[in-house]
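Two complexes come next, and they have one chain in common, chain A, joined by chain B in the first and chain C in the second.
Then we have the complex of A and B:
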């Protein structure tokens, strides 16, 4: 590095002041001007977090929220050169610091994760779509799944209830978040444990539903028969309407 | 693209640019960091933009002045993005945006010092080598010098000369800096290596204190900046000119007026013709081709 230690130190003084807002002596600056840099830098970060996490901001209130953003920005060492990815680092930072427990908002980690996933699924790189046809048999043919989705597990149902109610409903919740192939918009589905199992097996095994029915019956305790067939038909039909199942694989 | 006038592809106005004729830029500028590695709806919009317009790219996160090593993974991804989008002109800021290994997401002023010149020159050379294209480095606005040992003009000129890079001349930044630091903007521009200018930015700003202007990209360009632009382009060869606007997109007709105003000034001094806004444009018309404003373009004199 050709930068002298002294110059590097001066640059770091200004950088650190912009991150922490803590007054420091920076040599050779015009009095009364440096605070604009802290203001401009912090506004960019704060605006980014406000846009990414509107529900968390509303749930925590302005004052608490600002403390979280300041804490992250001063101690979190932002790594991404792409600022739209910074909210993920914010989520990871507060998860690692167990901030939710510390401020007695146990839902915090789940809510941040859920809000981030909406951005991630909306922007994630395109995944290759399978070749599919529109017509087929949902039990005998292999189903073509929309590849642009994520399944997450939450402890608090922040996707279904306001945080106050969600806090009292701790449990196991599965959420399927997916991108519409036509509009690119993101939707989510609350999945029961059984439906999560069925969907995951369909994706992982890549076999017709008929071949999974025995396992599904065994896991669910529902006897294989018309009742199970009707339930599966309804579930798959819903996924098809939402374009999460696109149709039937060609090969 | 020489002499053509473009606008930044911001998400707020992407639909308007691609689907309507309310704005008629000749080219679009993309901030790579906001579009790299993105799929879905925004990827489709990027592809449509590249299909319809020539593209320049203007980076934010290279942090050419930082003490820490350059982020070579990022730079390699950047090169792929530039290649994929047929980008000839890539510009970045003469500033630093990273300190103590933390990104800051805004442009901090590099101390105007000899060792900083050596440092930046070396880094620009290495970046150009990896990107396999010249880097146009932008004169940034700054609100205070930091531990300076040389003047701003000495700092920039020496870097551009020694790094053998191009210059992105932001005329508004010169105006802002001249106001904030009390120097003569024309004298400053007159000392720049204008033969190295590859690209011009024009933008609005906001005066926040009696003696301080902040470069906001949110307001219309003011007359003294248009005047400085006109004075400048008479002293250099044609290059692409960008209307830089990052927010406040409510009044599109006002943005369109700014594009038209820039074109009207350019036409007085550079031999350029403007086609209608849709179809791809090629490079500058040869000398002697008469220029004509597309029908319906409203020219204001603000």
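Then we have the complex of A and C:
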């Protein structure tokens, strides 16, 4: 049902006031009371952000954190009607505004994204599992990968260190985040660049590990032989234990 | 939903390129190239990172308080009580907020993990009364949004 023009205008005014706190004349509002609406709405937003980004909150401290939330709330113009998605808009807003650079906290974008991704992986729609069997050969059979994962690349190791240390360790970091099929909990792995290469080649090429060994050896500079075989066997075996690799493809 | 900026779509290409350059720069990396570590569950990662970041923030505050921020006339002559009062307030609010954020929310209840209806209303008071041991125990659990918060 379309709102009456006046009603829509008043709603917009109230919304604007709730976001910015700037005094405007809103028809029908009792003076001295309207600020409670802003307070209550802001509390919900702040609470949502606190829950979504507890590490960032701890790293920045209350004062800086509150400024970030207020900035987003008043200038970010949140669009989603689903409150659990609001933290993603928060991340996107500050990434687009390059807030991290402006406040001299270059790790900020990485940290917000790292925290958001836990929510995203946890709540992502189910992805279809491949048909798999439990027994097979790690090198000769095609591996069945748990599809509910994401790999991200970070510039700062905010997943390993306090932000102060992380700031001095700029580089390339890979984090694999996946949802355990048994518990539904999100698990984190810090991967080396070679592990990332191996895992993603397995996913993308869908071939047995043996067919990738030559490429792995040449890219890594590690001689193809027992050392590499043992390392690969351990890596894949660990991923199987964690259910990131479910087993072996049936076909 | 995704920004696609950081999520790797063709990670093998990126990783391959990175490997080539990093090996060219540091050919002795061989062994550590295969290293990786399990960071644990979301709750474990959060709990650890909150602790290290909060400790660092506290240390920074302490250093600032000790060495830097006070100007002549601030918090020295005759202002002790005021300063103490502020400090006490600060501690109080920090504690209250810590209770609210770092423990009740951050380590456990993460936005979006919510499964409505799992809440045990009125349990936050119980949680407050728990000891440090109990807290660390609950931190390591994968409690979800709506658990132990209402009421």
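Basically, the second predicted complex is superposed on the first by the 243 of 251 C-alpha atoms of A that agree within 3 Å, B and C clash if a C-alpha of one lies under 4 Å from a C-alpha of the other, contacts with A are read in each partner's own complex, and residues count from 1 in each chain.
Methods note: a residue touches a chain if its C-beta (ideal position, glycine included) is under 8 Å from a C-beta of that chain, and two chains touch if they have at least 3 such contacts.
Since this is a predicted model, take the numbers as computed values, not measurements.
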{"item": "First, second, both or neither for A:164, with chain B first and chain C second", "value": "second"}
{"item": "Which superposed partner A:194 touches (first chain B, second chain C, both, neither)", "value": "second"}
{"item": "Contacts of A:183 with chain B and chain C, given as first, second, both or neither", "value": "both"}
{"item": "Partner chain(s) touched by A:16 [first = chain B, second = chain C, both, neither]", "value": "first"}
{"item": "First (chain B), second (chain C), both or neither touched by A:251", "value": "neither"}
{"item": "First (chain B), second (chain C), both or neither touched by A:220", "value": "second"}
{"item": "Partner with the higher number of touched chain A residues, chain C or chain B", "value": "C"}
{"item": "First (chain B), second (chain C), both or neither touched by A:77", "value": "first"}
{"item": "Footprint overlap on chain A, comparing chain B with chain C", "value": "48, 84, 122-123, 183, 185"}
{"item": "Touching residues on chain A, where the partner in the complex is chain B", "value": "1-4, 7-8, 10-12, 14-16, 18-19, 26-30, 33-34, 36-37, 40-41, 44-45, 48, 76-84, 86, 122-127, 148, 179, 183-185"}
{"item": "Complex contact set, residues of chain C against chain A", "value": "1-3, 5-8, 10-12, 14-16, 18-20, 22-23, 27, 30, 32-43, 45-46, 49-50, 52-57, 60-61, 94, 97, 100-102, 105-107, 109-114, 142, 145"}
{"item": "Interface residues, chain B side, partner chain A - complex", "value": "33-34, 36-44, 60-61, 65-67, 69, 71, 74, 96, 98-106, 108-111, 113, 115-116, 118-119, 122, 143-148, 208, 212, 214"}
{"item": "Chain C-touching residues of chain A, taken from the complex the two chains share", "value": "48, 50-52, 54-55, 57-59, 61-62, 84-85, 87-88, 91-92, 95, 110, 113, 118-120, 122-123, 150-154, 158-164, 172, 174-175, 183, 185-197, 199-201, 204, 219-222, 231, 235, 238, 242"}
